[in-house]
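What follows is a set of notes on a single structure, which appears directly below.
Just so it is clear, A, B and C label the chains in written order, and each chain counts residues from 1 on its own.
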Amino acid sequence: MATLELAKVVKTFEKTTIIHGVDLTVSDGEFVVFVGPSGCGKSTLLRIISGLEPASSGDIRIDGQRVNDVSAAHRGCSMVFQSYALYPHMSVYDNMAFGLENLGVAKSIIESKVNAAATLLQLAPLLQRKPTQLSGGQRQRVAIGRSIVREPKLFLFDEPLSNLDAELRVSMRAEIRDLHARLGATMIYVTHDQVEAMTMADKIVVLRAGRIEQVGSPLELYNRPCNQFVAGFIGSPRMNFVPAAEMPGAKAGAQTVGIRPEHAQLSNDGPLQLQVSQVEQLGSTSILHGKVVADAPFELILSGQTSIKRGDTVRVSAPAGQLHYFDQNGLRL
Amino acid sequence: MANFFTRTRGRAHGGTRLHWTDWLSYAYLLAGLIVMFGPVLWLVMSSFKTESALSQFPPTFLPYTQKEAVVAGYDKPLPLFRAKDEQGRVRELAQVRRIGLVATMVDPAAPQTEIRVNINDRKPVNELKFASGNYTEIFGKFAFGTYLWNSVFITVVATILTLLFNSMAAFALSKYQFTGQKTVFVLIIATLMIPPTIILVPAFLVISELNLLNNLWGVILPAVATPTGVFLLRQYMLTIPDELLEAARMDNASEWRIYWKIILPLAAPAMAVLAIFSFMWRWNDFLWPLIVLSKSEHFTLQLALNAFQGELNTQWHYLLAMTVITLIPITLVFAFLQKYIATGIASAGVK
Amino acid sequence: MSVFSAFLGFLFNLFEPVFRLGQRWLGASRIGWLFVGPNLVIISIFTFLPIVVNLVYAVTGGVNLLPTQRPFTGLENFAILLECRDYADLQTCRTDIFWRSIANTVKFSLIQVALMVFFSLVTALVLNRKIIGRGFWRGVFFYPVLLSPVVVALIWKWLLQNQGVFNAGLVAMGGSPMDWLLDRHWAFFWVIVVSIWAHMGFYTLILLAGLQAIPRDVYEAAEMDAAPPWRVLTRITLPLLMPNLIVVLVLVMIRAVQSFDEVFVLTGGGPGSATTFIVQYIYQTGFAEQIHLYGLAAAASLILAAGLMALTLAQLRLSKAGEAGKIKK
């Protein structure tokens, strides 16, 4: 397996800088997720790692070796594309065997490797079918199988689940996690869905506008987001932000205070007054939507069912340990 | 070499340097440019040469013709040469006559003295001259204006009728449901399978019986029911929402009115494409007009060109000019309406 | 502009009463017949009727144009065309020129198909690369397609003149000028070249469209799969282009078999009958000779029609086979 180092990687395209100097280390066997809003450069970064796009400057090192000038074919990476990019005219078997054929591997070895991957991914009965005869989830697995068979140093995934329906996405997520556990390979996974990131990653890299905002484990990002952007991006439903002036005892220099909906509590003498505009009763939990001071939107999750209704006003507080303070630049205090 | 064919992304992994395969591509394209446009360019340049210039071998690219000078004492202008006179000096002299190996020449400034020059010691003085006479004389000497008119008439009338009949048929086949409609559609498309080359003789009979032999209408009528046109327009009309017609019917509009005032304007883009195609087809038609039109006053440009080039002493300087005139209209269409042609081919698809 | 709209207004008013009447007579949906009428009438008179009458001509003889005045001869016309004492030696045929035109047509079509598809494919592959001004270059190859066959033939006839520019080049390289079109083999050669020159752009366009329909990420997957360029071409690009290639193949073949216009003006079928193809034979027999042998011409057309039908059927079968492995996007 392999380690990956990115040192001051920059990507410019026709006078626009897409990636602004990214530094990153990925250890052997880690499952790293690049996450961020669309246009943040996460796919571009992945393609630079793969070799499909050249970096404008900076170093890319796989297993300590600089690979900037090595072609995509020989970097030892494999890629699962968002659209799967299966060869439509080849059978599942041929799709998976193609890479090994190109390397001149003996037919018998190819056969055993393809069969092993097919068994792992439950594709064995489908080996002679063409991609058009497969369902979305099956095609996804063939794309993954194609990656596995090459036994690459790095597995790269470019938003592989975004074309699947919600239910399938959930089960595929688990399968990919499973795969990682069994193979122990280094995997880099790109997604725009922060839930996917939280559930799958060993380490999350949050990107915005071509820059890394924060790198850390899911819980690190959840508990100690280093800036307002990460705080608002990670966690669902989204963190609430209120002006610091409204919260007594705020840290000096704080401009905004962040409170997660799940940490906000109803309290009779809480500092915030919530004007409820909507109540969602989900049975096991209830979500109150509304506005607090200065028309700031606010959500609150209550356990169980509630009799609070639209138009009510309630008072809200949060435990001191769950308050996140941010200065005027959005940085954590 | 195969890399040459498969690199769909131009820039190499090294940034903005061009790969050797890129150079090869551009070289191929340049060669293509020369091969495709070169012959046409040669035609045009040649068409501006005078008859004598055309007989020069090897031919020059630009139309050169020998300079002439008016010399006192001689009625007609004399051709100028650069010649070595009896003293061995090289001067510009005008030739009076040539007998055998000896040319009699005079200096235009001093025309009284005749100088004898060996024909091997002289070279013609050439000047660039565009023989526009080639283009103007054909209207007088030959009935070129008539041929032009015939071609224009056939093309314009046939295109109008094609647009009219094909759009009516396409309308009927896309916006109506009547018994037998499917059959009619299949029949019309089936004619795509029947190239005119197979039914030349009986079609000739029909035209003959209709008394349209040697008549421009004999060329126009069989050509207006193009199945491609119906197909193209029908495809387009299917995308016009039916509600528009229903609303118009509720407003008491007659079906003809609906067709004329709603369908036709909305189908304008497809009609434009068909018009261009029809123009092209009719202007370039050869075999059928060859069969139908036998009197030369009814010849189209294509037939005239063919007849003219078959003559024993082909007057190439006129023939070339006629050829250039014949290709001007389609070249203009190509230059300005390329977009329509491309979309037309794309939407007509390959049957 | 106002003349134009006045003209349109005139046309509109001309036909409206006819259709109003028709509308009352036929009712709302059957009015469709009135619209499709003119088109239907024309193809009936000029296409369907002739097909039937062609059969009458094929089985009658004599020199009259009117079928009613032609004596019934059964399959005699076909016999005249097709019978040979020894099929290996075309001189022994009753109408050796017919057989020769068939042989020429077949030879021409096969060579043409191979070369035309090759050059169109190469050009399409080049145009598919990331080049500047692709629209312009595409137009360059497409321009000759628009020219009329007569113009095309004359352009090349002029180039091939004894005093023409090709011979000038030949002389410059130390050769001596030749009458290209008076030599059997060169005439055939040039007929092929001219034909490819004039039509290649059209097929290039079709193949280019097919190439551009191949999704880019399939190529990227191949890149990740370490596929060398040669394998990308043969194992990915060409197989995915196969449906279009088949279509082009058949289109070229069908057109090649019916070649007439350019060849006729360029060589007149000569020298001798070296470049006489089947359509020219039909034209000559039926219209150009002193005596118009309509029966023979009709019989020959039917034989040509049979050949074309076979080709079209082959196309259908080939594209069905292609469909089985084709991509449905």
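Note that in this section a residue touches a chain if its C-beta (ideal position, glycine included) is under 8 Å from a C-beta of that chain, and two chains touch if they have at least 3 such contacts.
Everything quoted here is computed from the prediction, not taken from an experiment.
Of all chains shown, the one whose average CA position lies nearest the global CA mean is C. Distance from chain C peaks, on a Cα-centroid basis, for A.
Annotation: 57 Å between the Cα-based centres of chain A and chain C. If each chain is reduced to the centroid of its CA atoms, chain B and chain C end up 19 Å from each other. Centre-to-centre separation of chain A and chain B, using mean CA positions: 61 Å.
Within chain A, contacts with two or more other chains are made by residues 71.
For chain C, the set of residues touching two or more other chains reads 228.
For chain C in complex with chain B, the touching residues are 11-12, 15-16, 18-20, 23, 28-40, 42-43, 45-54, 56-57, 65-67, 122-123, 125-126, 128-131, 135, 137-144, 146-151, 154-159, 161, 163-165, 167-168, 171-172, 177, 197, 201-202, 205-206, 209, 216, 219, 228-230, 232-234, 237, 247, 251, 258, 260-261, 264-265, 268, 279, 282-283, 286-287, 294, 297-298, 301-302, 304-305, 308-309, 312. The touching residues of chain B, counted against chain C in their complex, run 1-11, 21-22, 25-26, 28-29, 32-33, 35-37, 39-40, 42-43, 46, 54-59, 164-166, 168-169, 171-173, 176-178, 181, 184, 187-188, 191, 193-195, 197-206, 208, 221-222, 224-225, 227, 230, 254-257, 259-260, 280, 283-284, 286-287, 290-291, 302, 305-306, 309-310, 316, 319-320, 323, 326-327, 330-331, 333-334, 338, 341-342, 345-346, 350. Residues 50, 52, 71-74, 77-79, 81, 83, 85-89, 98-99, 102-103, 130, 132, 146, 150 of chain A are the ones that touch chain C when the two sit in their complex. Interface residues of chain C, counted against chain A in their complex, comprise 215, 217-218, 220-228, 231, 235-236, 239-240, 242, 325, 327-328.
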